[in-house]
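To start, I am sharing the structure in question, which I have written as structure tokens.
Lettered A, B, C, D, E and F in written order, each chain numbered from 1.
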Amino acid sequence: MSTGHTSPSARKSRIASTMAKAKIFTEAAPYIRAFKGKTVVIKYGGSAMTSDELRDSFAGDITLLSLVGIKPVIVHGGGPQITRAMSQSGIEPQWVDGLRVTDSETIRVVQSVLAGQVNPDIVRLLSGHGAVAAGVTGIDGGLFKATPKDERLGFVGEIESVDPTLVLGMLSQGIVPVVAPLALGADGHAYNLNADTAAGALAEALGATKLVYLTDVEGLYLDLGDEETLLSRVGITELESMIASGSASAGMVPKLRSCISAMRAGVPQAHILDGRVQHAVLLEVFTPEGIGTMIEPR
Amino acid sequence: MSTGHTSPSARKSRIASTMAKAKIFTEAAPYIRAFKGKTVVIKYGGSAMTSDELRDSFAGDITLLSLVGIKPVIVHGGGPQITRAMSQSGIEPQWVDGLRVTDSETIRVVQSVLAGQVNPDIVRLLSGHGAVAAGVTGIDGGLFKATPKDERLGFVGEIESVDPTLVLGMLSQGIVPVVAPLALGADGHAYNLNADTAAGALAEALGATKLVYLTDVEGLYLDLGDEETLLSRVGITELESMIASGSASAGMVPKLRSCISAMRAGVPQAHILDGRVQHAVLLEVFTPEGIGTMIEPR
Amino acid sequence: MSTGHTSPSARKSRIASTMAKAKIFTEAAPYIRAFKGKTVVIKYGGSAMTSDELRDSFAGDITLLSLVGIKPVIVHGGGPQITRAMSQSGIEPQWVDGLRVTDSETIRVVQSVLAGQVNPDIVRLLSGHGAVAAGVTGIDGGLFKATPKDERLGFVGEIESVDPTLVLGMLSQGIVPVVAPLALGADGHAYNLNADTAAGALAEALGATKLVYLTDVEGLYLDLGDEETLLSRVGITELESMIASGSASAGMVPKLRSCISAMRAGVPQAHILDGRVQHAVLLEVFTPEGIGTMIEPR
Amino acid sequence: MSTGHTSPSARKSRIASTMAKAKIFTEAAPYIRAFKGKTVVIKYGGSAMTSDELRDSFAGDITLLSLVGIKPVIVHGGGPQITRAMSQSGIEPQWVDGLRVTDSETIRVVQSVLAGQVNPDIVRLLSGHGAVAAGVTGIDGGLFKATPKDERLGFVGEIESVDPTLVLGMLSQGIVPVVAPLALGADGHAYNLNADTAAGALAEALGATKLVYLTDVEGLYLDLGDEETLLSRVGITELESMIASGSASAGMVPKLRSCISAMRAGVPQAHILDGRVQHAVLLEVFTPEGIGTMIEPR
Amino acid sequence: MSTGHTSPSARKSRIASTMAKAKIFTEAAPYIRAFKGKTVVIKYGGSAMTSDELRDSFAGDITLLSLVGIKPVIVHGGGPQITRAMSQSGIEPQWVDGLRVTDSETIRVVQSVLAGQVNPDIVRLLSGHGAVAAGVTGIDGGLFKATPKDERLGFVGEIESVDPTLVLGMLSQGIVPVVAPLALGADGHAYNLNADTAAGALAEALGATKLVYLTDVEGLYLDLGDEETLLSRVGITELESMIASGSASAGMVPKLRSCISAMRAGVPQAHILDGRVQHAVLLEVFTPEGIGTMIEPR
Amino acid sequence: MSTGHTSPSARKSRIASTMAKAKIFTEAAPYIRAFKGKTVVIKYGGSAMTSDELRDSFAGDITLLSLVGIKPVIVHGGGPQITRAMSQSGIEPQWVDGLRVTDSETIRVVQSVLAGQVNPDIVRLLSGHGAVAAGVTGIDGGLFKATPKDERLGFVGEIESVDPTLVLGMLSQGIVPVVAPLALGADGHAYNLNADTAAGALAEALGATKLVYLTDVEGLYLDLGDEETLLSRVGITELESMIASGSASAGMVPKLRSCISAMRAGVPQAHILDGRVQHAVLLEVFTPEGIGTMIEPR
């Protein structure tokens, strides 16, 4: 018979500290209720994908979302890894009007890095935190069909159609889909997609409730160079002005365009989050404070 | 266009504080995973039912359990309220061998208090915290059938059969059942059940994963008068010795017997918790520390 | 080997008498077919709830309807029982402009009587006749949400919304729901509803096929004092005239208003029946003769 | 506005007469409850199939059983109709050891009469009473597979296997299956089955709750010639003695053998009813009196 | 241990021959894909029903369609068999304005031949090829309700309503329905339907993808007497002209009218096929060549 | 109006040629019936994966199997591609006791080749033939969990558990799963599996009906060097002797061991096929001739 090992006073102090935890849990309740059963598409990239600490906090967040009944879908990119693999393979980049050409040799490296490195690494990462995750490329189950974006660029795809059947099947089994931004062309070739665009198109097709971009900036600035002008909320008409006026950075433009398109198609919320902050996703979903920039359909 | 109202430094400090929250959430993940989709039967009574602060913390806990996919079932008693109502009605208690007789006038007061006061009050309490709850008496849907426990005691019931169909239907709809310990006799009369016993029998019938007793003591003591002998874990063979030797208090005996019976029927865990501690239920389920006494099927 | 105990001639006479029964069963067939799988909301009150003989005939009727695949839903009041309980509790009624005030002390008595006496008594009554019944208050599962009808009257509710999920779940399990006319206010308090109004609102929300009021009159009279003017059928435009002209009795007005509203919302039939007639419900549903007043959506 | 056309006194007298009906309905409740959702296989033949009055009472009974949620399955014969059709076709019966040979010409007449006359006539009869019925031959959906019973007899089949899929599908749609006793042989030919045997085998395969034979006798007599020895109940061991001792009539033997076999396979009740009594089926199922002989699995 | 019995060279030659088969299978893939899960209603009659060789090729085709997940529904006629049976029964045909009268004696012969001969023969034929088939008359399950087409013609029906529930149930079980063109009249009598019209009406009610008429001609000729004018494709406006101008044969008119009506109701394809060609149905569905005349909704 | 473009005689000759096709289809019917709805696990590798012509015939076969309702699951290897990629990456192979070591650098190449090249290439190949296919690695959805096979060999895995949930989900959606032989270790690392072993283990876990190995030999020879001793059938006890006696080639041993294990676990058939023969899979499943060696559970 094992008696308690702690004195009454020690028990009281321990209880006080755990009660603080309980308070935090119960504060999260309204947010869990609001997103239960809802789909949240998260574009995962940048520092959040490269720093070990941030990778772990990301994986913990996704696992917890999945556990409490929210349905996260991860779309990842892989730019830096592709660049590294190409230089290792000794492939000389080709340029047309300042844009990199994805020839048949290059698309094989892209496919190999996205589907063979980045994607299974994320699946293992999530599995290690207790989630049930599975990798999907846009070629699987006819998820993304693409046409060439510009013939001179080679196998760079423009999304033509999205068939979310396979992803929906996984979500109904409680599996977290991890999606690589590849597509099948009508010519039977693999095409590379912009991951930001793929995330937006998938959010639309899934009828997602949130579209989240994890970035390496704090959010959207009204004035690109000025930290003091971080926007906490912004409407899509304002985004259009920013794109038109050139006040959004080049890397931000596909994200903003995707947000505008997704919202027009009925996705009610989008977010530009700072992926350099640990637990950015969880904080956005579970706490009243919010972080980064929230985009609204106005 | 609304710009952020907080300075960069204020943002950093806010993020640091919310990150502490995120850590607590992610620590709870393994416990949520372990109990997801599982049924937890909680006998609710004592101070946890009478103090406003404790009532609120209890309701918050149950709401959160329900939100994250755990299935709580509440069984309540109502002894003090019944005693008060009887004295208000001017009913003179009758005694046989030191036990109170539940005659036909008394059982009407019991039914009125349990089904008409305590039960709907708990349903309103939970609803106020965002749970979807519904009251059930043991008479509803043939839940509890009873025979007289002792003819001299009148309408005091011994459980003869449990039909959990109605409760299972509610659980499948995401509703938290709140159960009043009444039963239908073969004579068509209402019978009063011991709430501790009803909770145990219901846990058995539902194939619950946990049976929790919220009490007004810290847990089970090896030596009744000595706070230092609080047991953190105890097996059912030890419980049987304690009952046999008389070292368990009179109020504790039905709880312990129910735990023994439920575990023999396959319920794998039971707990005697201190209902005077805020968030006792949540802490027991969600944190590694545990509180009170855990009973094990050994 | 047990031989027959009756002579051939006795057998013939017995067969003749049972054949008369068979004829009655087969005559009911078209009515059963017409209402199979349909929901019938029955406001239960008055003599049908107080006379033992009428209670039994009512319970037999509901049981049989349920057995043959029709879905009865019972909504009950409890005015006389509440009045009696208030006088027993020594609560002095308060009046505003001739209307009784339901203060916080009163609403507790109302809740106690409706949920703790009348409702479980009806559930036991039906159970005793073989039905599977379960009690529900309007607070359970968010069934009725209410706002104060008139601030001076206290906890008297006006129905704001109806969520029939819990009741539909019971119906799909073959359970007869017995509904007490309480509601949850936005302030977390219980509110008392007019039972006639609650029955009509529930019929609307359930898409019921019939709304039946069991009353202590024969039906609706064209001329209130004159038995010869009993209406066998009446349209809702006529009802509106009767309400406007004051030719409907005060107790009848909420019933008539509910019938008008329910029919406008698509409930195709409503009935004012004489609950003092044994088997009034069964006769209305199962026989061509009909009884009382049928209200038609014209 | 239509006022009531009947005087108060006339209304009272009408109510009294309809109340007698209500009493009969409510007495049937326990029997309906007992057989709800259960399958009852009825061998239909003899006078019940030839007299117009008895046909109508049979059709009314089956319709009512189906309406209240009991699942009747009709298996019919057609001996007299076949004999008539053969003589019309001028086919000369062949005999072997006193048994009629079913050659290829004969089996075509049999198929034509059973599937083309008797079966659709019964379907129309039931449809006329409001049931939804559909004809099935044992050839449809692989229901009955047969081997030749005796090579000298030609296309007379012995049941080899029963596949109740098609019949179960109909029952789940609320359709009353009407089954003609034909089977498919391994040689692709149609075979004629004994309808009594087919009914028993189908009851077994469906897991029926009752197997009913409608005959032209009052029931089973202990002493064939003596009306006073009608058996109201009999066990299967007694039946075996009766068959062995030759005290059962030739036409009764296949029925008794099928009852014995069905009961050994788990069908709990079988009945030999007098099909010459109107509403024999309804009376057997719905009233306490019972008629004919009940066979018990003892 | 059994070694291979064929020499290496024999193996190579065998493989070459089987590879030719494989090529044919894979060429059929696009056609299977296009019709998988789709319903094809086939009017079966003429030579295809009378020649043994053609019967076998038809049965093989239907079996294969069913196997690969296409849903064939067979509607048959029986004119020649009815004429033969009537003369065997010695019934003298009556005529009104050149049309044969179907009196009550005649309709019994019709029912007997269609439901008792033709229908079960087709079911046996299909069963012999491995399909699971079941016979249905239009009387079963309320499939076809009819009114008299012309009072002078007796029991000749005009389709009033189609209830495809029973047929849909069979299709969902993987059963091939074989439908006899009978209907139930409001008077409870059986009515004879034109099989071509019944096939078209059933195709409409089932939302079929193809309606196929197996005939004894090659297809539709622009110029009735001239083989060179066979139409490979034709639109429904052209069909209307052909009917109006009298350039369609009398037997073709009901087929053409049914095609027009079915296409107007959404059936996208209809075909007039030459049933004298072996495997006509399979060739039409599985090969690019097509045969006969395809009718298009233009 | 488009008339037929072919003369009557041309039509006849065309029909004759297409009828030969129809005959071949109908001969396949019994094989389709036998495997409809059944799962067939196919280890895909060797020449069938490298020759363009064989790749196309393989893809056509799998597409057709999937179309007619058979459920193929592809497990692939990638040895030659891995060897090539390693030499391109300049990784120097390490050896222990003659076995290649899979260190952390090597496993990244393995993962990259299997998941990033071979797997998506097969998915695209199948998609190009009309199948709906999706790639899966053994890491996805917890499909394969592994322990190190031999610590000195590094990330070479021994299968510890198989969770076929994700694969079953795909099969139920009509998707063809394409599985890369990777596994997740308890240490969170990816492990390489022997593809033959993975195919066998998956066949077991799925309850497959057939396990097929596509190889670069004709089948299993009794005497390794002698083409004349090709075995057409062999039992698992004989296989055990062959393994024990060393008469099976090194590459064949894992296949044979997997066949033995799968058959012991209830997989009823296994085959060693010659992947150098076009349409080998289709011929094995669809024709009576069979090819290669069939392994039987005796």
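The rule is simple: a contact is a pair of C-beta atoms (placed from the backbone, for glycine too) under 8 Å apart; a residue touches a chain by one contact, two chains touch by 3 or more.
Not measured: the values here are computed from a predicted model.
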{"item": "Intersection of contact partners for subunit A and subunit E", "value": "F"}
{"item": "Neighbouring chains shared between subunit A and subunit F, ordered by label", "value": "none"}
{"item": "Duplicate of the A-F contact set - from D-E, A-B or C-D, the pair where over half of the pairs recur", "value": "D-E"}
{"item": "Whole-Å separation of chain centres (CA-atom averages), subunit C against subunit E", "value": "55"}
{"item": "Centroid spacing, where centroids are CA-atom means, of subunit E and subunit F in whole angstrom", "value": "42"}
{"item": "For subunit E, residues that touch 2 or more chains besides their own", "value": "none"}
{"item": "Arrangement of touching chains [line / ring / star / complete / other]", "value": "ring"}
{"item": "Successive chains around the closed ring, taking subunit A as origin and subunit B next", "value": "A, B, C, D, E, F"}
{"item": "Contact footprint of subunit C on subunit B as seen in their complex", "value": "88-89, 108, 111-117, 119-120, 123-124, 127-128, 132-137, 139-142, 165-166, 169-170, 173, 175, 182, 184, 188-190"}
{"item": "Subunit F residues within the subunit E interface of the complex", "value": "1-5, 7-8, 11, 14-15, 18-19, 21-26, 28-30, 32-33, 36, 57, 60-61, 63-64, 67-69, 129-130, 218-219, 222, 227-235, 238, 277-279, 282-283, 286-287, 289, 291"}
